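Starting off with a structure, shown below.
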Amino acid sequence: MAEMKTAAYVCRGCGIGERIDTARTAKVAEKEGKVQLVRQHDFLCNAEGVQLIRDDIEKEGVTHIAIGACSRRSKTEAFYFPTVALSRANLREGVIWTQPETEEARETTQEMADDYVRMACAEVKKMKLPAGNPEVGHAKRLLVVGGGVSGMTAALEAAKAGYSVVLVEKTGSLGGWAAKIHQRVPFHEPYQDPAPTGVTELAAAVTGDPGIKVYLNATLSRTSGAPGRFKVQIATESGGSSAEEVGAIVQATGFTTYDIAKLPELGGGKSPNVVDQAGLEKLAMEAAAKGQPIRRPSDGGEVKTVAFVQCAGQRDETGTHLPYCSGHCCATSIKQAMYFKDANPGVDTVVIYTDLRVPGNGEDFYRSGQSKGVTFTKGKVSSVEAGGNGCKVNFHDLILDDKNASIQADLVVLATGQVPVSGVNIEKQEEMPAEEKKVISILNLDYRQGPDLPQLKYGFTDSHFICFPYETRRTGIYAAGPVRRPMDMVQAIEDATGATLKAIQAMENAELGRAAHPRSGDLSFPSFRVDGCTQCKRCTVECPFGAIDEDEQRYPVFNESRCRRCGTCMGACPVRVISFENYSVDTVGSQIKAVDMPDEFSEKPRILVLACENDAYPALDMAGMTRTQYSAFVRVIPVRCLGSVNSIWITDALNSGYDGVMLMGCKHGDDYQCHFVKGSELATYRMSKIDDTLKQLALETERVATYEVAITDIARVPRLINDYAAKINEIGMSPLKGFA
Amino acid sequence: MGDMNIQAIEQYRSDFLKEVEERVEEGHWVKMCMQCGVCSGSCPFGPHWAHPPQEIFMMIRAGKREEVLSSDSMWMCTSCYNCVVRCPRQLPITQIMHGLATYAHRLGLAPRNQPTRDFSILFWENCTKTGRVNELKLTLGVYFREGLMAGIKKAWNMRNIGFGLLLTKRLNPFELFKGHACKDQKGIHAMLKKAQEIEARRHKLPA
Amino acid sequence: MAKKEYAFYPGCSSQLKASASNYLVSVNAMCKTLDVKLTTIPDWNCCGASISYAGAGELPRHVLNARNFALSEQHLPGQDIVATCAACWLGARETKEKLDASSQLLADTNEALKAAGLHYEGKAEIRHMVAVLIEDFGYAELGKPVVKPLEGLKFAGYVGCQTNRPFGIAGESFENPMYLDKLVETVGAEALTQYDQKVTCCGGALAFSETEKAMKQIKDIVESAYDHGADMIVTPCPLCQANVEVYQSEINKTHSTKFAMPVTYYSQLMTVAYGGTPKEAGLDGHIIKPTKLQEIAVKVVPKR
């Protein structure tokens, strides 16, 4: 690589020139930033301005550029110079738009601008142009695990997009649950009657597609590698084993039904006349095959009354059964009631529910059920007395508040929930013998963190619910269908389509050595200095994506293609040997140190804000766009994720005289919004331990504060800053000023 | 009337919902209620209903025939139509309540001396007699429905209102003898008689 | 020739010496100014109101209304039927919609009408006077004849139920209809738009049978008008007017209140604003005198 040649550009457009003495700022870049080439421009993002930069790169051999203009989130297309390292000083959203346009504020506004330029100059000098991940894989084949509706849809969608597919199904036939139901809930206008499942046609399309290779009676005995180069061992029932190389994986392993025998109080397992929804489908299919109405299982008698018990062993608050709602069961019961009503309107069908939930266009279907005379009774079933040929359903009528309501039914259908088939819960794998683990596991990943996809709640695989529903915490492996959350067939098909598209994207990115979501296209990747490593394992344990394995000597082994580039490993490393070419302990550390620190008598405190670039930093930018003012004493540095914040930055900041440090990251917990799932949670955990450090430095614990900030907190973020600035004013300037 | 009730019980057995669907005005809507309770919460007389509309609908589906038809709840409807415009399922709740009350009245199951029931009958008889309402007779009819003494007492209590209306020429004492009337009373009576016959046929009521 | 002509359905309460006779007086004066010709449907009959259901049943009620339609079609062909009473309009409109929607019901109705020698074609349109004012004239047009703006008067616009639900005036919301407030502003008075009992039920016909319960409703309606600083209540409905006005003395007795809130019709406001005399505006028909309106009405009309 050529020798470093630095340049800084200060834009005067968008009012920057009127509010800031850019000549002074330019001088700062030159004298303090020690940049070789400094230019001012009245309109840097226009064609002429961009050409100026381009010429400098080409003719002057500039390799490192600091641009003082708008936010790094603005004008990204104009300021796209892929051949040089680039930093941005946010003079517009971060300075002039958030500071009052008054004579009194002029000085502090100028100081802010000067500092941001100092920081940009310092940062860029520590940056390297990312060279891209050398560990690329070229496999463009998609592995689909599971041959139900989700899996078959995924396979067909991939095939249609021109990608070959390997489909592994553990049973002897394709179809999954869909092959075991008589009819499905309608999925198009007018949403009135049960519809054919279409599963035979779907399976035929899969087996007939030359691009799809189907393994039946098969499981995965080992999965290793990374996106673009996964190697899988497929074990078949006959004892055979095949190896396949694939670029990405869609896991569509679906669900099983909650065991009806766990519901003896509702008659589960006590009488053949009490069935679950799957059981009723079986009866319906058998009856249809014979061309007869559904008969009472105990004696083949006529069915005159059917009771459907909703939320059977679901939405359970006692902790005994499933705590969640499976979403499809209300519509399924309506459909099953129609099996009877459509055949014979004289059959009484009663759906006993507490809350009827029919998402999508289910309301129309519900109305159709009502029109057909299905009775809906709002009540909670307390028990089902099953014996002989009749069942007595006892319930609490919630509208009439009759605790002793009951109906006699020939057949009782329990609407039980979906239990995900998601393999081993890696959080609890220690308790499990290896052999058992092997059997239960779906993917048998040879990843350091465990053999299956991490789960969030209730055994469903973890995926970013709000923003990236198909993304699991294993890059290149996408969950689709009821393994991800309870869902019906319409949702599963949509889910499988989405997951397939993401999987294709992952394969394409992997081939180019680029990151997958959410830093899609990023060429940087973490590297570590082996001689400093203490084999502490924090990086391998804490990586939210299981990207880092360990070698025999317990040194980390980075799998770049599995990495999402969040920097959580960098934040975790106590000896700071992990870095990215363009994002490192130094790129941020040098910015922290570049700020001009006024002395303790100046009445100008300095507050460092480390803001997540996904949510908090855009919120700050938008505060600027709405001209919401905040303290001139803050200096904001965007970070990839709060998880990448290394505690050395905090101690460095405090040692160099900052009066306070604010960390702004995304919401964590079960309803997290962190783009890297665990980053903000880990950061908060780490910061909870920083109190000791503060005490050692004889500093107040308030000098470091962590906040959860959402991208929508446009009005709140300035408030947080101002409140914190007031707090700092209260506790006074840092006693460490001037010692650095 | 009692015979009609026995006939209905025999005809519909335990299927009260079907009975309502076939015999009550807008009764076919009952099954479409989704039990949200907005009607009950929207009723100005809500607290006075032993069973607000939401419950009435549920009771019909649960086959609670006697309880529904002998309830005085439906008679609490003021015809404000608030429930109708707010019902997310667009049920004509006001009409259904009127229909249920009417049906209960016809079967002889509606509560005796229910004041709104009495007033409703009084109004109908009053307005159809001549084709137009005789307000004086209507008012006196309300006051004297519980007998002479009670009527005198009530009329005395309300004397201020009566005098006020009298003085402002909004009540005519001579209506007691000759009030407003349509010319073709004969035609009106014939047409209403015919309408009642047709309706009985449509609602499958015994002849 | 008059600017606009309608078949008029006055309804029982608007008749001479009936409870809303002064409503009709003011409507006549208002229509005279607006050059509207109302021709009463010959031999019209009662609509049955919303209370007669138990005696009436369904079809007889529709037949009653259809008789008026048939008479109107026969004698006043091509004219829209206009009702001033909320209940008359509602009952008639309901019948109209039901008969339009069901050929069976229409056939049954005509079968019954035949006994009175009549036939309903299904052509008549049924409209409330307020809808006529708003749709056929518009607020701007209605404001033109104003010679005595009701300046300084504050009105609580009490819309009530039956001109508002379930049909209502086109374009208005059920929860907060604005037309009455707009009419108040059209005649130069102040509309108390925050008046929160605008669409509360007064108890309707149940004021007769469940007086206590209705009085609670009426108390809220009047009390809120006071709370918002109203000089008067204004309403489009004769039963609302009667209930809210006449029961105030009873409420005073039971609750030791001192209610004396006049309750007027929109047509009275318009008549006064158009320069009508107190008599033309039917102001003599109130138990609680609308004194402030009276004061404006007796002022000498400036020459136009």
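Labels A, B and C are assigned to the chains in the order they are written; within every chain, residues are numbered from 1.
Criterion: a contact is a pair of C-beta atoms (placed from the backbone, for glycine too) under 8 Å apart; a residue touches a chain by one contact, two chains touch by 3 or more.
Values in this document were obtained by computation on a predicted structure and should not be read as measured data.
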Central chain (by mean CA position): A
Chain pair bearing the highest count of C-beta contacts: B-C
Farthest chain (mean CA position) relative to chain C: A
Computed distance of Cα centres, chain C from chain B, in Å: 23
Inter-centroid spacing, chain B versus chain A (mean Cα positions, whole Å): 60
Chain B residues touching chain A - in the complex, by the definition given at the top: 17, 31-32, 34-35, 54-55, 58-59, 61-62, 64, 89
Contact set on chain B toward chain C in their complex: 25, 44-45, 48, 76, 78-82, 84-86, 92, 94, 98-99, 101-102, 105-106, 110, 115-121, 123-125, 127-128, 131-133, 135, 138-139, 142, 158, 160-161, 164-165, 167-172, 175, 180, 182-184, 187-188, 190-196, 198-199, 202
Parts of chain C lying in touch with chain B, wherever the complex brings them together: 12-13, 15-22, 43-46, 48-60, 62-64, 67, 108-109, 111-118, 161-162, 165-166, 168, 174, 199-201, 203-206, 208-210, 213-214, 217, 242, 246-247, 249-250, 284-287
Sites on chain A touched by chain B in the complex: 356, 366-367, 370-371, 373, 375-378, 397, 399-400, 405
